[in-house]
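Take a look at the following structure, please.
Labels A, B, C and D are assigned to the chains in the order they are written; within every chain, residues are numbered from 1.
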Amino acid sequence: MEVTGTGWRRRHVAVIGAARASAGECEAAAQVGRRIAEAGAVLVCGGLGGVMEAACRGAREAGGTTVGILPGGDRSEANDYVDVAIATGIGEARNAVVVATADAVVAVGGEYGTLSEIALALKAGTPVIGFDSWELRRRGEPVVGVRPAGSPDEAAALALEHGRPPA
Amino acid sequence: MEVTGTGWRRRHVAVIGAARASAGECEAAAQVGRRIAEAGAVLVCGGLGGVMEAACRGAREAGGTTVGILPGGDRSEANDYVDVAIATGIGEARNAVVVATADAVVAVGGEYGTLSEIALALKAGTPVIGFDSWELRRRGEPVVGVRPAGSPDEAAALALEHGRPPA
Amino acid sequence: MEVTGTGWRRRHVAVIGAARASAGECEAAAQVGRRIAEAGAVLVCGGLGGVMEAACRGAREAGGTTVGILPGGDRSEANDYVDVAIATGIGEARNAVVVATADAVVAVGGEYGTLSEIALALKAGTPVIGFDSWELRRRGEPVVGVRPAGSPDEAAALALEHGRPPA
Amino acid sequence: MEVTGTGWRRRHVAVIGAARASAGECEAAAQVGRRIAEAGAVLVCGGLGGVMEAACRGAREAGGTTVGILPGGDRSEANDYVDVAIATGIGEARNAVVVATADAVVAVGGEYGTLSEIALALKAGTPVIGFDSWELRRRGEPVVGVRPAGSPDEAAALALEHGRPPA
């Protein structure tokens, strides 16, 4: 897929999830990646394995562009399906960079790293779609923050619908 | 309180919570700060207002040392009860620095920024104590990560008991 | 230009320089960008104006891929010739990310921000080529760190020759 | 030494230099640290060995407060004379935090890491005093940025004179 002249103005959707993920989570992430790429959006992720790798693979299969924002200082950490790898060298603080770079976030499953990204996105007002992911409660009450999706296709559709690229 | 020769080897407890907090949350945070300082531990926080300011105030009242790790690049963001202010200039990514600097974390109430710190601490294996704070669920099941405390005193006690300074 | 399946394994060259640059510096940066793109390498930069924009423009004219690693938290800071924009939100600390992501660095002119990137690259052992840029001395003696180039073409050639992508 | 109630409003001076330093450089750094502490200012540094450790030792001998801003994510990286250690976990990007936290910077000798901090300080308009440190030239001309000091005492005096804490 061509990275066109106004590349950064295209929609950017982050797919977040754990490096150690189940087969089902990876399948779901790949499908989200495919749908994002088919819509002409850029797939952003943390660049490592598991859900991140599956999402990149799906996007790549659909001819999309994939960006991996890595915790370490060496591009070779990136999975094989990353087109553009950013070696941040800032460790877990890179989660804030993944979120800031995306117009919307789709969480597939996820461990605590994913939860930190969900929280940073919600703080920034960036839409978060969850598929089989974290649910948030405070003082015994559910907090409406993550929009739940019933399928990977719906997750991608909601992200594309609610995310807005910068003007 | 004296900052002794081996200052950084003392226990460090982070108190996290929102800049916009209720009177009750601030009262609780001040009490946690007092207890931390009375135990000779260093209070770490994000350096701004609300829960952060109250925790610093409590620690200061008990003669303790307070560290504020700020998002912006100017020390004058710090609240009046911060002894040592760090102007990180790295924005929300500074949440990862607050967590990495602490041996244990006490969350008092909290919005999404607090949730991101809870998540980063749990990822790092740092004990997290919650008072009237976030509860986590995934796939309909509660996730045991944050240890709930029934009072500010218990929150401080649990943090001091379970946190361990680096060797 | 296609971003191929093993995109991040391609050579990455950073072009660094000031946002306020002379016409001559911009012309030189554009030529360096062209040569980098013609060689099939990815152009990395800080994503803003001046030398950064000119380098992206040159690379774009030659059909290349351009990556802009921004200080702020909004992709719209990027210049019009950036294909992939990373909104780091970490301020000046993003200079370390620009350097870590590149296999070699070409400095064209440059102010103090550029000097910080030169220094970080030399610390990491990343080759630095200078065109009309900083010269370093310590205790009255020149320090051989930046390789001077006599022309933009030579600068690009040296960067491509001496930079090595991660295995 | 007491960390007083308005701790962060005190003057903060960073002493920067290499972890591998000569005996003479360490002696100089210790003297700068002593003078800073005697003036009631807080000593800020990168928290590691060599010049950083010597500066902390000198400040400690004079009853001062020392802050070490570490690249790694574990406080135990800190040298023995650090009172307050910040475990940033952001690698070389922490150099930007050292600089942002200080009102003035004294460079003693120094390798490339030090040069990056000098550059970031000059970019921010923070006064930089050099003792036996880097000299900067561009296009064959010296650049007046680092103020040279003829002795450690003069370096500390210049830093205290020209640095200004935030209002």
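Criterion: a residue touches a chain if its C-beta (ideal position, glycine included) is under 8 Å from a C-beta of that chain, and two chains touch if they have at least 3 such contacts.
Quantities reported herein were computed from a predicted structural model and do not represent experimental measurements.
*Asks:* Report which interface contains more C-beta contacts, comparing B-D against A-D.
*Replies:* Greater number of contacting C-beta pairs: B-D.
*Asks:* Fit subunit A onto subunit B over the CA trace and report the rotation angle, somewhere between 0 and 180 degrees, nearest 5.
*Replies:* Roughly 180 degrees of rotation.
*Asks:* Relative to subunit A, which chain's C-alpha centre is the most remote?
*Replies:* In terms of C-alpha centroids, the chain at the greatest distance from subunit A is D.
*Asks:* Nearest whole angstrom, what separates the Cα centre of subunit B from the Cα centre of subunit D?
*Replies:* Averaging C-alpha atoms per chain gives centres 27 Å apart.
*Asks:* When the C-alpha atoms of subunit A and subunit D are each averaged to a single point, how far apart are the two points in Å?
*Replies:* One centre to the other, that is 40 Å.
*Asks:* Two or more other chains in contact with one residue: find those residues in subunit D.
*Replies:* Expected reply: 73, 89-93, 96-97, 100, 124.
*Asks:* Using the touch definition from the top, list the residues of subunit D that touch subunit B in their complex.
*Replies:* 1-9, 12, 42, 60, 65-69, 73-76, 78, 80-90, 93, 96-97, 100-101, 124, 165-167
*Asks:* Per the contact definition, I'd like the list of subunit B residues that touch subunit A in the complex.
*Replies:* My answer: residues 90-97, 100, 110-113, 115-120, 122-124, 132-140, 145.
*Asks:* Residue numbers of subunit A touching subunit D in their complex, please.
*Replies:* Subunit A reaches subunit D through residues 73, 89-93.
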